[in-house]
Amino acid sequence: MSKTIVPFGPQHPVLPEPIHLSLTVEDEVVKEAVPAFGYVHRGLEKLAEKRDFHQMIQVVERVCGICSMIHAMCYCQGLEHLMKVEVPRRGQFLRVIWSELHRIHSHLLWLGLYADAFGFESVFMQFWKIRERIMDINEATAGNRVIVSVNQVGGVRRDLSPSKCDWILDELNHVEKEVKALESTMSNNYTVKKRTVGKGILTREMAYELGAAGPTLRASGIAQDMRQLQYEAFDELDFEPVVETDGDAFARGLVRFKETIQSIDLVRQAIARLPQGDTFVKVKGKPEGEVVQRVEQPRGECLYYIKANGTKFLDRLRIRTPTFANIPPLAAMLPGMELADVPVLILSIDPCISCTER
Amino acid sequence: MTLVYALLGVVLAPFAGILVAGFDRILTAKFQSRTGPPLLQPLYDIAKLWAKEPMIAHRFQPLCVYIYLAAAMVSVALFFAQSDLLLIFFVQAVGAIFLVIGAFLVPSPFSQAGANRELIQILTYEPLIIIVLAGIYLTTGSFNISAIYAMDKPLLINLPLLFIVFGYALTIKLRKSPFDISASHHAHQELVRGVLTEYSGRMLALIELAHLYETILILGLCSLFWTTSIWGMVVLLALTYLIEIVVDNISARMSFRWMLKSVWTTGLALSAINLIWLYSGGRF
Amino acid sequence: MLKKIVEHSQIKSPWLVHYDCGSCNGCDIETLACLTPLYDVERFGVLNIGNPKHADVLIVTGTVNKRNKKVLKQIYDQMPSPKIVIAIGACGLSGGIFREAYNVVGGVDKVIPVDVYVPGCPAKPEAIIDGVVEGLAKLSEIQKAGKPKKEAIAS
Amino acid sequence: MFEILYTSLTLCPIVAALACLILPGKSTRSALVGMTGIILIASSVMLIWNGPVSSTPAFLSSAKFTTFIQIADFALLGLILYFGIKFNNRIISVLSLVQIAVLAAFELFILDGHGAPAGLFCDNLSLIMVLLISIAGSLIVFYALPYMDYHEHHLKLTKTRQPRFFALLLLFIGAMNALVLTNDLLLFYFFFEITTLCSFLLIGHDGNKVSRENSVTALWINSIGGTALLLGTVMIYLQLHTLDIQAVIGKLQGSDAMLIPLGLLCVAGFTKAAQMPFQKWLLGAMVAPTPTSALLHSATMVKAGVYLVIRFAPAFQGTALSTAVAVCGAFTFLSAAALAIGQRNGKKVLAYSTISNLGLILACAGINTHAAITAAILLVIFHAVSKALLFLCMGSIEQHIGSRDIEDMRGLFGEMPKTAMIITMGILTMILPPFGMLLGKWMAIESAAGNLFTLLMLALGSALTVVYWARWAGILMGSDYKGESRPEHLPDMARYPLLTLLGSAIVLSISAPFIYSKMILADFTGTAAYATTNGVMANASGSFAVIPLFMIAIGVFLFALAKSGPGKKGAKIAGPYMSGISGEENGTYVGPMNKITGSVQSNYYLSAFFGEKRLSGVVNATACALILIMIGVSI
Amino acid sequence: MQSLEITKETLRQEGERLKAEGFRFVTITCLELDETSLELIYHFDKDLEIIHYRMQIPKDAPMPSLSPVFFAAFLVENEIYDQFGIKFDDLVLDFGGTLYLDDDDDITATPFCKFGVKRADTVPDAE
Amino acid sequence: MIKNIFKNFVSKSATRPYPIEVRPGFKNARGELDNKVSECTLCGICAKKCPSQCITVSRKENLWELNPFACVYCGICVDACPKSCLVHYTEHKKPARVKTNLVLKKEISPKLKVVANA
């Protein structure tokens, strides 16, 4: 057979981020895929020794610009646990609203990139067009389109006025309508199905054993979602994890598509039940002890380990991001697929390399 | 006289090509809810590429590019001289082959894979075009374009299925979804820009120019299906191109295996039906 | 006449290559957002061409780290002149919030010459469009000054 | 005059062959071989000067000669039987026994009135064949002189086997010349069998296990052809009471009678031309030293089969057999081209390409119109020249790089620029207009437009052909720019044959209109298939501007060459795009774990579609069915 | 944060047991305790319950890798090798300290250790 | 998808014609950072709080210096400023060809100077 070795990335137009794969292919069928990392590695966990624990919020937000709010939320939850602070109920609801808005924008972004990976440019354009409404909401409510910086230890920095809430609901109606108009394309279009159905199958057992997280895991039929831990206001909101059973790229697409709709619903619920009150409490003192905190990011389970020693600098901050967990499944699903499927499969775990490498 | 037509064709084709490509990009943008570039954008692109710093990846690259361009120009000239269709097609194939050879020259995995895929594309559309041309022969009794113009009925009436088959070839040649496999105008594919990856600057400008010629040639071939009235021709061309753009916008890019399998099976089946009908003496 | 057309075209047809040089994705997605319907930079002839050999404009987001500085340098070297480099976002300009992290080298201009700096964290699509326009303005000024084409404007 | 030329074309090489065996010394042998080659070339040129002729020289009709041939015939079959028994191959033994029995019965009981043999017949077709055999054959023999030294050096032989080798080559050429000039079916059969035997011995020349096995395969498959030819001959004689080929054709022209013997002759032609399902022997023949392959593939052996079918084509014009031949040929064209895609062994690609092109020629013979036969003859000419060239280049490459693998020829231009250039040009003459092969293909497709299945298969096959040639040409010329190409040493005896062949491929292509009007047209009666004004070949269904296109092509090529080439001023040389992590060396990158990794490239061989394993079974079964149908329609 | 103790010897065995019981590997956290010792915390999850295993190890001794049991562990073990310089034996895919760090830089350094040590053995098969 | 693209085709394109028509920024948007330096007391809280550490306050020279090319526009300094003299404009900071810091010199009124001297 004739072997070809393709250096795929770090600068490659279909990969949004610099990851490298050394692909050994035979007639475009992948035989071996060896990943290489380090093109985004900054070493920001180590920055905890140079920035105090308040400033670290802004740093961990920039672990990943797409799920920045949720990173910061998880970090704050950890510190609040160590400092034994209870966030006011309104603050908890607001955190849910912003985190779910982030999930919507992340999923829409992903759906577009995913479509782009299999060469469906017009779908990419559609999803990104819809996504701009969410970006507008972010900018109007939090002051920035992407990195909202709303979290602080003890609550949130911004509040929502009732008129803003109505406007958000209105915008979300539009988003929902426009997203649903694309449902048949994502689930019925012949070419989309040809490119995704049966590609990169992760069986239920494989997904679990390889430690997949988030939609990648749920598309293989396992209903595990960190929001079931009922952090923040999720104890009051109705939601069931979205599950698909096929475990292929198509199923992962569907899970994220449905989660987009679900998140719209969650934001609506949260706005409907938004209690009055403070958005944050003032915190005093320094954290001490160690804690493991987990939240559900758009890409899956995110774990923060924080060890504090009673000074304003943390002893150790460790972040295990969902993509980190999804890389082994990716490595396992690539062999046997065509070169043309590689971008689709890489996208299908919704990689966030800047999360992975921090 | 034919020489004059041929020369005129060669001179005017790129301008027509620029307009077609410009409209294409604007229409695509409109379908995607965008404004799109100015109409003359393809001209700007080519002129800009022409002025870039010369840079090649292999000493024989210019050879391949110039031959590609020349082949495209000669085939357009032959077309306007109303020459033999098969000959036009073969001359055009020279260009396609040299583009591939040029991509093979460089030890870059992307251009090599692109070249291989381009070969598979050639493999996919070439038989279809030959069959379509044979269908034309069966209807007109000749491979010469002049014979088609001598017909009193449009070819489309006798070759409806072959026109669809030709549409496949058209889509592949225009590098549109679902067949933008070996190269595409944007680099949103796994092979960067496939065949075109290793060309740059002036060489790329020449390739773009040759591609314009090819577009005109293939649209010209398309126009042969309705030669009895100029309006019929225009409507047919406009509709065909519109459908191409729509298909481009409603489909994902497929893999080359799928292309080879499905285009050969459906294409050959459709052409066989149409040809059998012609062989059995069916005529309108 | 021909020279005019070419000079006009150089400003009307900037093709981008975007390299995510260790960004947090914030600036990346904003750069991508520029291509989408709401900002549609194809209005200015911009295409995301993805291949340095075809590109006129190099858009860099993110901090340069020790591994990707070589990649960045190589992409820059593979671009034929005239070329423009646009650094985007706080990280790309100076290393931003990560300046002091152990694996961070700093801004893009520590590795390759930068023509336009687009601040922001992340820079808004509007700012990125402003950056491209600014870059083209610089190119046009250089044309007017009549510098030989061969001299890369960035160097 | 003709008799003298005939002698020098047939007898001279045979005598020289014997001399090769007897006379010792390398220099003597070289001189002998060289002289024979020159005599062959000179005689063939003079023969064409002499023009078409048909005569019965006295020695041919002498009883002694007839008896000699009869004895030689049996001796030949006996030898084949001996080999059959020696290599324990039942098919060979049985078939040669059958042939001995049939021949004996025929000569003893039936052939009583065969006193006056049919003599010699030399029309333009024969002339063309003689020219090809003599010139291409001689060039190959010249090339073999340095080649075999190296070859034997490589094999570390203690005692040279070259006398035997060159004797066989010369014998082969002589037999081929005799074959195409004879007008007697029985004589034809005799020479047909000689070529079989020669090829068997040549394939087995290296004497190792593989070559022995493959030579036996060649022998048993060709025995089928021999048997079919003999049976056909006998049946023809039984009905028409003549063995005069021209008389037979004359009597049969336009009638549906006698299709069975003609069908058998076609089967004989098919086996010799290695058509599906008989392709196996030609593929196996690759184990032989390259000059053998070149000889088998270009002007001799396989062309004998093609010649047989073209020769008899007028006899079955317009019959179902003719259509069947066309379909079978077209099927071989298609399937061999498909199989060639799945190959990365260069010699095997060449072999499949030969099979495929012979299929095209036979398809043209089967289409059997004036235009199609013209196409067939043109294809015979151009194929012989280009293929000889390609094989000889392949031989040089193999000796230089020690591999036949196409993937190992990546960047050959850096290693052996001259040969790479020549072989690439050779490949281009195979697939591109305005070269002759494409002219032939154009004629073939235009002629086939009236036949659905043939057309479909030709259309698919021609696309497949482009794929396997183009990718090979591409990787040959690719090279690492940094490496200064070192000057390549080609021995003169290797270089001149190559350059001559390349030159003739181009010159012959340019002169295709003249070849047609001067050489081919004369054999036909009735109106010309093509008008050749201003170097344009045209008829009612189309036109091919050979000479104008050549002018443009040469102009463009020179212009483009001037624009490229090494050290062209101004142009910066950039390394390939490697996603931004190229290594120092061209084509490498810094991969995982910071290792410098060569980005290996290779072509697609698509074994899932075109693999030998996957396709062979289906192809062989279909081809068998088609052959049976071919015989079936004869009945 | 409750946690169980584990040793080098029992690691693989315990891993096998957890896998059989349906636990999912989450990650490993590495901490620097002082000049000479490090602490590894292994996190496993089953039905949203997370459990932690702790192990204190000296800095310069190699560790058995968990990746033969849980394939997913290879990435984090490589990361720890980069950051703290612990060498893991039998890694299914060994980046040899170049997962994040680059060759020409201080690849032998351990950037996450305050009390930096020179890595005992560097890149395993660098030539 | 056909329905979708034809809908796009007939309706107005979604493109905001940005440089030609500028959309006003949202009310709380964190655009360019500025200091109303006359109200500033040069207390240095902003510099201490800044996670990107891009603000330098020099009481000695009465300088308030911002590196807008390292600023991450988080708004911490604005929230923390006791004098509320730091502002985010809603417009983003324009791109520049050279990196220059924003250096503001506080003009110390004579009266204050006296106090300081005392």
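Labels for the chains are A, B, C, D, E and F, by order of writing; each one numbers its residues from 1.
In this text, contacts are C-beta pairs under 8 Å (C-beta built on N, C-alpha and C of every residue); 3 or more make two chains touch, one makes a residue touch a chain.
This one's a predicted model, so the numbers in the text were calculated from it and none came from an experiment.
> Which neighbours does subunit A have in common with subunit C?
B, D, E, F
> Which interface, named by its two chains, has the most contact pairs?
B-D
> Taking each chain's centre as the mean of its CA atoms, which one is most distant from subunit A?
Farthest chain from subunit A, going by C-alpha centroids: D.
> Need the central chain here, defined by C-alpha centroid distance to the all-chain C-alpha centroid.
If one averages C-alpha positions chain by chain, the most central is B.
> Which chain has its C-alpha centre farthest away from the C-alpha centre of subunit B?
Looking at centroid distances, E is the chain farthest away.
> How far is the middle of subunit D from the middle of subunit F, if each middle is the mean of its Cα atoms, in Å?
81
> Can you check how far apart subunit B and subunit E are, centre to centre, with Cα atoms defining each centre and the answer in Å?
Taking the average C-alpha coordinate of subunit B and of subunit E, the gap between them is 57 Å.
> Distance between subunit A and subunit D based on Cα centroids, please, to the nearest Å.
Centres of subunit A and subunit D (C-alpha means) sit 65 Å apart.
> Could you give the separation in Å between the centres of subunit C and subunit E, each centre being the mean of its C-alpha atoms?
40
> Can you tell me which residues of subunit B touch two or more of the remaining chains?
Expected reply: 29, 31-35, 53-55, 57, 109-110, 112-113, 186-188, 192, 197-198, 200, 249-250, 257.
> For subunit A, jot down the residues that touch at least 2 other chains.
In subunit A, residues 4-8, 10-14, 28, 34, 36, 38, 41, 43, 46, 58-59, 62, 122, 125-126, 129, 144, 147, 189 touch at least two other chains, as defined above.
> If a residue has to touch 2 or more other chains to count, which residues of subunit C qualify?
19, 36-38, 40, 43, 48-53, 67, 71, 75, 80, 96-97, 102-103, 121, 124
> Report the complete set of touching chain pairs.
A-B, A-C, A-D, A-E, A-F, B-C, B-D, B-F, C-D, C-E, C-F, D-E
> Spell out the part of subunit E that touches subunit A in their complex, as residue ranges.
Per the touch definition, subunit E meets subunit A at residues 1, 19, 24-27, 29-32, 41, 43, 47-48, 50, 52, 70-72, 74-76, 93, 95, 98-102, 111-112, 114.
> Hey, which residues of subunit A end up touching subunit C in the complex?
Spelled out, the residues of subunit A in touch with subunit C are 10-14, 16-18, 38-44, 46-47, 50, 58-59, 62-66, 68, 109, 112, 124-125, 128-129, 131-132, 135, 144-147, 352, 354.
> Give the list of subunit D residues in touch with subunit B in this complex.
410-411, 431-433, 438, 442, 445-446, 449, 452, 455-456, 458-460, 462-464, 466-467, 470-471, 473-475, 477-481, 540-545, 549, 552, 556-557, 559-561, 563-566, 568, 570-578, 586-587, 599, 601-604, 608-609
> Spell out the part of subunit A that touches subunit D in their complex, as residue ranges.
1-12, 20, 22, 27-28, 34-36
> Quick one: which bits of subunit F touch subunit B in the complex? Just the residue numbers, please.
Contacts found on subunit F: 1-2, 5-6, 8-9, 11, 13-15, 17.
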